[in-house]
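Labels run A, B and C following the written order; every chain starts at residue 1.
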Amino acid sequence: MAITEKNKTDIIRRFIAVAVAAFLCWLFPLFHVVPLKMAVAEKTAGKFDATAFVEKFWIEKLLPAANTAVNAKGLLAAIQASPSNAKTNYSRSVGLSDSYFYFLHGEGKIVAVSDDTVSIVVTGNSTNVEITLQTGLIFGDAIRDGTGLLHASAYPNSQDFNDISAALNHEVETKVLPKLREQAKVGARISFAGCAEVNDESSDLHPLNLIPIETKSE
Amino acid sequence: MKIKLFNLLRTVAMAMALLMTIAFAHAGEPAAKQKIAIVISTLNNPWFVVLAETAKARATELGYDATIFDSQNDTAKEASHFENLIAGGYKAVIFNPTDADGSVANVLKAKAAGIPVFCIDREINSTNAATCQMLSDSYAGCVKLGQYFVKTVGKEGNYVELLGLVGDNNTWNRSKGFHSVVDRFPGLKMVAQQSADFDRAKGLEVMESMLQAHPDIKAVFCGNDAMAMGAYQALVSAGKDKQVKVFGFDGANDVVKLISEGKIAATGMQFPKVMARTAAEYADEYLKGRRDFPQKIPVKVDLVTPENVSNYGDYGKK
Amino acid sequence: MNAKDFLKKLQPLIALVVMVVALSLLSDKFLTIANQRNILLQISVNLCLSIGMTFVILTGGIDLSVGAILALAGAVAAGLLKNGLTFKMFGVVLQFTPFGAIIAGILVGVSLGCFNGIAVTRFKLPPFVATLGMLSIARGLTMLWTGGFPVTDLGPKFGFLGAGFLLGVPMPIWISIALVAIFYVVSKNTLLGRYIYAVGGSEKATAFSGINVKRVKLWVYALAGALAAVAGLIVTARLDAADPKAGLGYELDSIAAVVIGGTSLSGGRGSIPGTVLGCLIIGVLNNGLFLLDVSPFWQQVIKGFVILAAVAADKLSAKQEP
């Protein structure tokens, strides 16, 4: 079939159009080809890593702070005298809330051990259990919010802040509790540091229910 | 010619009538009061209506002229609201964002115009845009809810979960808080997880289908009370409301009532009224010169169960 | 054109002028430059949608899928820009440039528009049904693509499209003005424009005169899809985020603007300038209701009445014609 004049110009026109489009794409590229590994690495670089953060925080901030936490003996005496005074002098609370936290350290005698608690008497002559250390599954934000070392305002996305709480609890379960379970023998003396959350003063003060962050047998 | 004139007159009359209505609605307002805008993600859910109305009432009490803007869950509409309120001379914004990421640009616009923004209930993913953010601590609330869930449902059994809007931070804060507890018990198996968009009707629908697929479940965890109500309705009509325990979140009136009747297991009580009132008071303090606001203020969520339900009422403590 | 027709065309303009005058008397904020710019900025998205919608309605059809296409085009562009397109097989990612993302977004709009057009012409589905189906398809695809999460942080280059300024005027306004100008010329001075009016006037007569009606309709739906995509890119750039829920109900705003602008839903009658007026009326009304602190619940009621009034005026004056 002969190429007519019209067909010819048509072909030339199309050719020019494609050439122009190709030239434009060369000037303004539509996309760049990036190897998958590099792209993935770039993406994860900016993500917040709660576990890594907590491991560093634990050693650099939390353990040093435990030494300066309120002394258990003094706190228990203050609570005995007046729960509300103890609250104003020693507790922390976060945001708009009527529950509060104590961050304390001290030493005492183990009087009972169960599946998920270790009961301790701190004051020499007391017959009541004054403090229990949680040894089961750890939930809640007592460690994150109880120490005053971490603030929600520093985290643009609250999910990161929540991940910190989960990572802290995980740290307790994997690093603190196995050691504590070994040390937990009735009659042994133990030193401890930890955080307690008080939701309901009628039940949460006697005993104070602590999430331990550090324990040592003496 | 008569007809043409009539046509013209009618158009004018229509436009005038419309404007008269508007003007009438507006008449008699003294212009001297400072204006506060309340921009709310949606007024389609009673929870947010309570939030908006409480903020408005408190701002009015404090001597401001407060206006509610409804973003209808549309970040673009929200952007228009911000442009309008900046041009309209509003002095402060009480803001319930539609989207944690998408709303940041809007808040920055207001900030650039020197207007303080107080976020309530939902957060924005930025710590240098809003003046202050008052956020329901959904995660901690759902941790407590999860613990109660394990206590009442037991350590074994199948359950399902109804999620809220998948793009919403609160959906995941709640779901993650719940799962941070429940997933620790390998005997508790989540056999289905579907989104019902925080919507009662959708909750009903999704629950109906889930019951078809998984007739043997022991419990359902819902990301808000609207969905919990929908799920409960589905359970009642399937005759399974005794078998399946319902857990909600929000503290809506009807759910609190059903908890007191022992028909719903528990909910997380948020305090929309406290948040809204505090936000209005902060806006007032800001306009009077205070500047030292904390960026984020977590607001505690209470666990409401049949044991303590008598302390709680509609969206708050009695 | 006789005097009566002329007057009828003026109706939306008169309504707009009356509103502007009244609002400038009622609120001292209304006539400020910042506020006027806001109004134009806010109608720019609806204007993009409404130009396409005008053509569709002129052919006697309707397009309910524009809001959903808007969301999908925005999400695709944002996703390609932010995350690129991954080919696991070859171990590479195509990282799109802003320009490439824009082209891809528009291509998405065109292809879904063509799909609408094919459904209407080849499969003879009523436009209402075909585009209703597309609404659901495009919404679903948007959710699949994004996983329900907004795609954010798209960078200033892409953001320029929505948040940038040229000569002190925001980009969305420039874009919509350019589109209005282009498609006004298309509607008045091109064969396609004349064919569109002809198809809407009488499809049978047009077909008899040798015009390919199907092709005209295909063009029109593809165009509506493309313009919806442009609107989606503007929304996404303006918010620096592609929200999968974006554009919910926008098709109704757009239909309202077209109808208020005097375009007849039965096709054949209407114009681009009329639609511009329709958009302006809705924009001014929205803005005015806010400036006057009307409760958000009343705002919806009032807007509904305005739409009813506009269509009623159209019907009434149509009856008076001999």
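Rule of thumb we're sticking to: a residue touches a chain if its C-beta (ideal position, glycine included) is under 8 Å from a C-beta of that chain, and two chains touch if they have at least 3 such contacts.
As the structure is a prediction and not an experimental result, all values here were calculated from the model.
A.B. asks: Which word fits how the chains touch one another: line, ring, star, complete or other?
C.D. replies: Contact pattern: complete, every chain touching every other.
A.B. asks: Indicate, using Cα centroids, the chain positioned nearest the centre of all protein chains shown.
C.D. replies: So the chain sitting closest to the middle is B.
A.B. asks: When B-C is set beside A-B, which has more C-beta pairs in contact?
C.D. replies: Taking the two pairs in turn, the one with more contacts turns out to be B-C.
A.B. asks: If you average the Cα atoms of chain A and of chain C to get two centres, how far apart are those centres in Å?
C.D. replies: Chain centres of chain A and chain C, defined by C-alpha means, are spaced 48 Å apart.
A.B. asks: Distance between chain B and chain C based on Cα centroids, please, to the nearest Å.
C.D. replies: The answer is 31 Å.
A.B. asks: Roughly how far is chain A from chain B, centre to centre by C-alpha average, rounded to an integer in Å?
C.D. replies: From the centre of chain A to the centre of chain B is 26 Å.
A.B. asks: Across the complex, what residues on chain B touch chain A?
C.D. replies: 100, 123, 125-127, 134-135, 137, 139-140, 143-144, 146-147, 169, 172-173, 176-177, 180-181, 184, 271, 274-275, 278, 294-300
A.B. asks: Could you list, by residue number, the parts of chain C that touch chain A in their complex?
C.D. replies: 80, 83-86, 88, 91-97, 99-100, 103-104
A.B. asks: For chain B, which residues count as touching chain C in their complex?
C.D. replies: 3-4, 7-8, 10-12, 14-16, 18-19, 21-23, 25-26, 29, 43, 65, 67-70, 72-76, 79-81, 83-89, 98-99, 101-102, 104-106, 165-167, 195
A.B. asks: In the complex of these two chains, what residues of chain A are touching chain B?
C.D. replies: Chain A residues touching chain B: 94-99, 137, 139-141, 151-159, 162, 165-166.
A.B. asks: Show me the residue ranges of chain A that touch chain C in the complex, using the header's touch definition.
C.D. replies: Interface residues on chain A, with respect to chain C: 28-37, 39, 43.
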